[in-house]
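The two complexes that follow have chain A in common; it is paired with chain B in the first and with chain C in the second.
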Partner chain A sequence: MPPIVRRLAGGLAMPFGSVVFAFVVGALIVGVTGANPFSAYAGLICGGLGIGCTQGENPALEISNTIVFVIPLITTGVAVALPFRAGLFNIGAEGQLLAGSMACAAIGIKFNTLPSPILLPMVLLGGMAAGAVWAGIPGVLKAVVGAHEVVTTIMLNYVAQWLLRFLIIGGPLQLGPGTSKSLPIGDGARLATLLPADNSLIVLGLPSSVFRVHTGLLIALAAAALFAFLLWRTSFGYEIRAVGQSQKAARYAGVSVRRTIILTMLIAGAFSGLAGAIQIAGVDHNLTDKYFSDTTGFDAIAVALLGLGSAVGIVLASVLFGALHSGGAIMQSDAGISSNLVLVLQALILFSIAANFVGAIRRGLPIGRKPSALPPELPPAAGLMSEAATAPPETA
Partner chain B sequence: MSGVEDIFRLLFTANLWQATLAAAVLLLLPALGGVISERSGVVNIAMEGMMLTGAFFAVVADLAWHNAWLATGVAVLAGALMATIHAVVSIQFRADQIVSGIAINIFAAGLTVFLVNRIYGIQDIGHVTPSESLPYINVGGLDQIPFVGKVLFQQNVVVYMALVLLVLVHVVLFRTRLGLRIRAVGEHPQAADTAGINVYLIRYSAVITSGLLSGLAGAFLAIGVSNTFVPNMTDGRGYIALAAMIFGKWTPVGAFIACVIFGLGEAIYDNNSIIHVSPYLLSMLPYILTLVVLAGLVGRSTPPAADGLPYVPGSE
Partner chain C sequence: MSDEQLAVDMRGITKQFPGVLANNHVDFSVRPGEIHALVGENGAGKSTLMNILYGLFPPDSGEIHINGKQAHIGGPRDAIALGIGMVHQHFMLIPVFSVGENIMLGREPVAGPDFYDHARARTAINELTKRYGLALNPDARMGDLPVGLQQRAEIVKVLYRGANILILDEPTGVLTPQETKELFVVLRDLVKSGKTIIFISHKLKEVLEISDRITVMRRGKVVGHLTTKQTNEEEIATMMVGREVLLRVDKKPATPGAVVMRVENISANTDRGVPALKGVSFELRQGEILGIAGVEGNGQSELMEVLAGTRQVTGGRVLLGDRDITTYDARTERGAGVAFIPEDRRGTGLVLSFSIAENSILGRERSPTFSWNEFVLKLVAIKEWARRLVKEFDIRTPSIEVAARNLSGGNQQKVIVAREMGSKPKVLLAAQPTRGVDIGAIEFIHRRIVQERDEGTAVLLVSAELDEVRSLSDRIAVMYEGRIVSIEPPDAAEERLGLLMTGGGAPREGAA
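Here is the complex of A and B:
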């Protein structure tokens, strides 16, 4: 086997092995509770990929629904992966996404009469700015006083959630008394769907208006490309990676660790905020109570880890998790299995990646053995934790 | 401004402080678990999931056996089982402890609703009312003391247990050999190992203890306070407990003070008929206060030195 193939196979064993592990353990859980894992997974595959549907589902529609889930996963996945490279763990993608969606909705409602060429950039940039602020606070706190970004981003997730509830229940964006949603954004703030929203045009057996897949897909793919370019082709990307490898070494190389931490978080927040804005502009057109239980920003952690922090990996992992979420609904209606099984699978994937079960199986189980240190594929966030938590990274 | 006067009058009612203490205990139990776990060097953001698991199994067991104590036992064990997963993954397999914690929380959120639907049917979203719940106990004699009696001695049995546990954890951590060992393992595991302390044993015990305590909190929530299970019913309390732990600078007493402050906020907005601020804005306060503390405005809050670092025997 040529070395390049062997290296590739070695690198891919962890993500693929983790997914297989999750599905096997998930099947055991389904089986133990007296249900049929095969019909559960058949529902997931039908709903996620449009393959093997038995209840007359339209495959094209299922794929379209999956892509709608994939779009924000790519964008928030990038928002988790970029700080990973700098040794920062952004658990706050969810809060940043909510901040972006709230800003997008507020602007889209306030200026609802403006034409699209002006309003659409306004709502998208507004969402990015709000997300950047939401991530910038932990960035500044980390850089200046050494406050751990994991804790600060968790706190800000909840602040964003409560702010959202305030805004649409009794607050300034509420549609009307007794509702828990906002007014709709103006037509000019909406992202176009890829297919025309036309009831009379029949595409693949269905009116084209039912296909919700929208132009946000192009923005998300551009975001992934931008992430790769920024990380590998710019001097700032080099600085991010240097800080992630060793703050001390980066400092000796003349990199401002503080500036890098703050900028990395600002950019990450802008990506998450963009995801939130795209959801409002492209899918929902208003804030609703379904955002209270949104988990995109947490799914993004799994996406970034499973995608090994690379742009292509993030897109592929997003397709997997998008398909799982989209397929969950079909699994529930066709096989009668709660769509929450998807969360169980996701958690199992995370356990497997974090603990590097695949590597452990290869080496033999670690019990009573002399181990290598941390799972090598993981981003370098963990190792820096205590160094960063105890002292400000730079004393100028 | 009658609003300010109303709040002021509210602060002098025993009802408010009674509710404050109950709300504080719901946070204190997982917070104590967090303190023990992190003092031993294992980062624990999984209290939310362990508590939710405890709440779910408390309701299931209570419905099956109609005995609140048996149900509480099951809840405590369920919390410990979740903690054991966190311990195995993060101590034995040296996983990133934050990823493992997130995975526990997602796992608990998904598994509980999945099981509700498997056990009680897909139509029923799992609103089940236990026929037995954890009792409220008035301590004879003491409960008649004006004000104090109502606040301290007319409470749920779990409140008394939690206050005893608070003292116990404080004494064990700071006044016993075991406590010294736990803290040594969390500050410098290599040195502790050299001194003959079993690092893995201490860390496993500490993490599992955090699961026991969070499971108890879940039982209190499900079959003491609300008598039902609702998907995701912990609603961020495990994370507020995390905040309280940091706010209290990784000490039991400090965490308790933070829990009382956060519990007071909750008790005040439960009285929101006289408050004219949105309860949703008030709900942000625990998180914003914690950010302020982390910003160093109220003194530094520093975790144990080896918190979050897997221990590799023989490493430097």
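Here is the complex of A and C:
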């Protein structure tokens, strides 16, 4: 096997292994509870990918619904992956997303009479700015006083959630007394759907207005491409990676570690904020109480990890998570299995990544050992030596 | 000889790692009560052989006899039971534990059901240290001890486990010259009390000083068995490298030009805030190598960091030509023409997971040569640059996309040297430029440093190896406790330099 293939296979073993693990354990859970795991997964596949539908679902509609979920996952996935490259763990994508959606809604409501060419950029940039602020705070705290970003980003998630509650329940954006949603944003602040919202136009057997896929998809894909470009083709991306791999070496090379940390968080927050703004501008058009229990920013962590922090990987992992999310409803209606199984599967995937089962299995098998991973100047077994030395060899 | 019982007798040891034949029918034998040196360049298979002896992994073929009996060593536990102990190059100690706790770890004497018995532990350690003449306070916190004493604790730990055959892996790599001397005294005492010692090293002077016999390895094979008294440095070096090696640096007298860098009375603190530099002044001229000699920890590292822009001064100033560069950070220093080879190549000189190509622009990723508008990387130019460096500096690698981590120490160092010299600097700061690299690479790097000098670069060299400083430098500044105590000619006697380095001796006329 040429080294490149081996490296690729080694790299992909983790994500694929984790997904397989989750589905096997998920099937066991379904089986133990007396249902048929095959029909459960058939429902998921139909609902998620529009493949193999038996109950008359429209495949195109299912795919459309999946893509609506995929869009914010890609953007927030990037927002987790970028800091990850700099050695930072951004758990705050959710809070940043909410900040972005609030800013988008506020601007979209306040200036609801402006025409689209002005208002749409305003709400999207406003959302990005709000997200950037929300992530910038932990960034500055990390860079200046060394506060751990995991703690600060988590705390800011709560702040964002309660701020949202305040805004739409009794606050300035509330639609009316007794409601828990905001006023709608102006028409000019809305992202167009990919297909014209025209009930008389029939596309693939359905009126085109039911397809909710919106132009945010293009923005999300552009965000993923921008992420890859930034990381691999720019001096700044180079510095992000250098800081993430060795702060000391980066500092000796003249890279300002503080500046890199702050900028990375600002950019990441802008991506998350963009995701929030896109949700408002493209899907919901107002803030609602469903955002209280939104988990996109948390799913993004799994997406970034599963996607190995690469743009293509993030898009693929987003498709998987979006399909799970979207397929849950069909699974529930077709196979009669609670869509909460999807949450179990997502958790199992994340758990498997965190516990590194795949790595453990690979280490246990002699074929998994990669000679190229060991520096030739050391005895090729230096890696093994440290393992052997950490195992308690002298307990006799 | 055949009727003499050998302490260790390894016969026909072969160990194949994927892609590397680490040991190829190696025969290795050690007589009881001798200090046996195992020498060879990095990657020659020394450590593999010793790890096999210590049971860290099984050989593919071959047999091991310990004290005349065939032994099956399935793991370190078996090795320890056979009286084999190993002191690793990187200590396996817990800094927050006391010396006693570290030594006892895993074999703690207990009182009652499960309580650590401090009294018994202390007695046991005192007994051991007294028997072997190893002064060591069992109650001291390990992390507070100097490296030499930490190593001593490692040795005591091994002795406590009943070792009769001690394997010391590169034990002097981390020690100061004084600590090395003390270690050698300890080793001789251990041999006197009946222990057998296997001494792994690539420092030939030390090997000649301490060992009785020498086994030389090269590329997985034993290439020579030598008796120390009947050999010399050149012979061992030639065996190790497989060709004639120039141990002396071949250079013409310097032709120093104008003063490039002027250091005026600078002071600076260590990371802990303790003064490290207490008023250092010197001038550095074009086309000369100024070597800084001194026992490690006397301010050399901090001096280099100040000049490279990674440490702030608390006083004084640095001039590059007419420009005051005292407050420059690392990036602006580089831009101004000051190149820096840092002493810790794995920690600060390279990003180990980066490829050679990526490492070749570290610190210059925003320069117009490698980026448009300080932003978009010129990937083609970077690749060309990296290929050129690989060729020009003889970096042994299959491709420029190989991660620095996967290069040998010597080649890693060459990547740094190439990067820094390749930028055509006015001043080259070289801190420990050949630490821990093999002889071939040392020879190469020395030649390049001299070549750099001959092309008019001002070179400031810091090295813990006095030999290196003496053979490369055109002037030698001796540092002691944060000051330059004297500036000596390159032919100054070793004894005089040694005296100055430890705070003795009178400075020469006109020295700062």
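Heads up, the rule we're going with is that the second predicted complex is superposed on the first by the 364 of 396 C-alpha atoms of A that agree within 3 Å, B and C clash if a C-alpha of one lies under 4 Å from a C-alpha of the other, contacts with A are read in each partner's own complex, and residues count from 1 in each chain.
Here, a contact is a pair of C-beta atoms (placed from the backbone, for glycine too) under 8 Å apart; a residue touches a chain by one contact, two chains touch by 3 or more.
These figures come from a predicted structure and were not determined experimentally.
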Contacts of A:152 with chain B and chain C, given as first, second, both or neither: first
Which of chain B and chain C A:228 touches, first, second, both or neither: neither
Between chain B and chain C, more extensive residue contact with chain A: B
Which of chain B and chain C A:141 touches, first, second, both or neither: first
Touched partner set for A:210, first chain B, second chain C, both or neither: neither
Touched partner set for A:248, first chain B, second chain C, both or neither: second
First, second, both or neither for A:329, with chain B first and chain C second: neither
Chain A positions touched by chain B in one structure and by chain C in the second: 370-371, 373-375, 378, 381-382, 385, 389
In the complex, chain A residues that touch chain B: 29, 33-35, 89, 91, 137, 141, 145, 147-148, 150-152, 154-156, 158-159, 161-163, 165-166, 169-171, 293, 295, 298, 301, 305, 332, 336-338, 340-344, 346-348, 350-351, 353-357, 360, 366-367, 370-371, 373-375, 378, 381-383, 385-386, 389-390
Complex interface listing, chain B residues touching chain A: 43, 45, 85, 89-90, 92-100, 102-104, 106-107, 109-111, 113-118, 122, 232, 236, 239, 242-243, 246, 278, 280-281, 283-284, 287-288, 290-291, 294-296, 300, 302-303, 305-310, 312-315
Residues of chain C that touch chain A when the two form their complex: 17-20, 22, 42-43, 45-48, 51, 56-57, 75-77, 80-81, 88, 92, 106-107, 161, 308-310, 329-334, 340, 342, 347-354, 358, 361-363, 365-366, 370-371, 374-377, 379, 405-411
Chain C-touching residues of chain A, taken from the complex the two chains share: 233-236, 238-239, 241-242, 245-246, 248-256, 369-382, 384-385, 388-389, 392-396
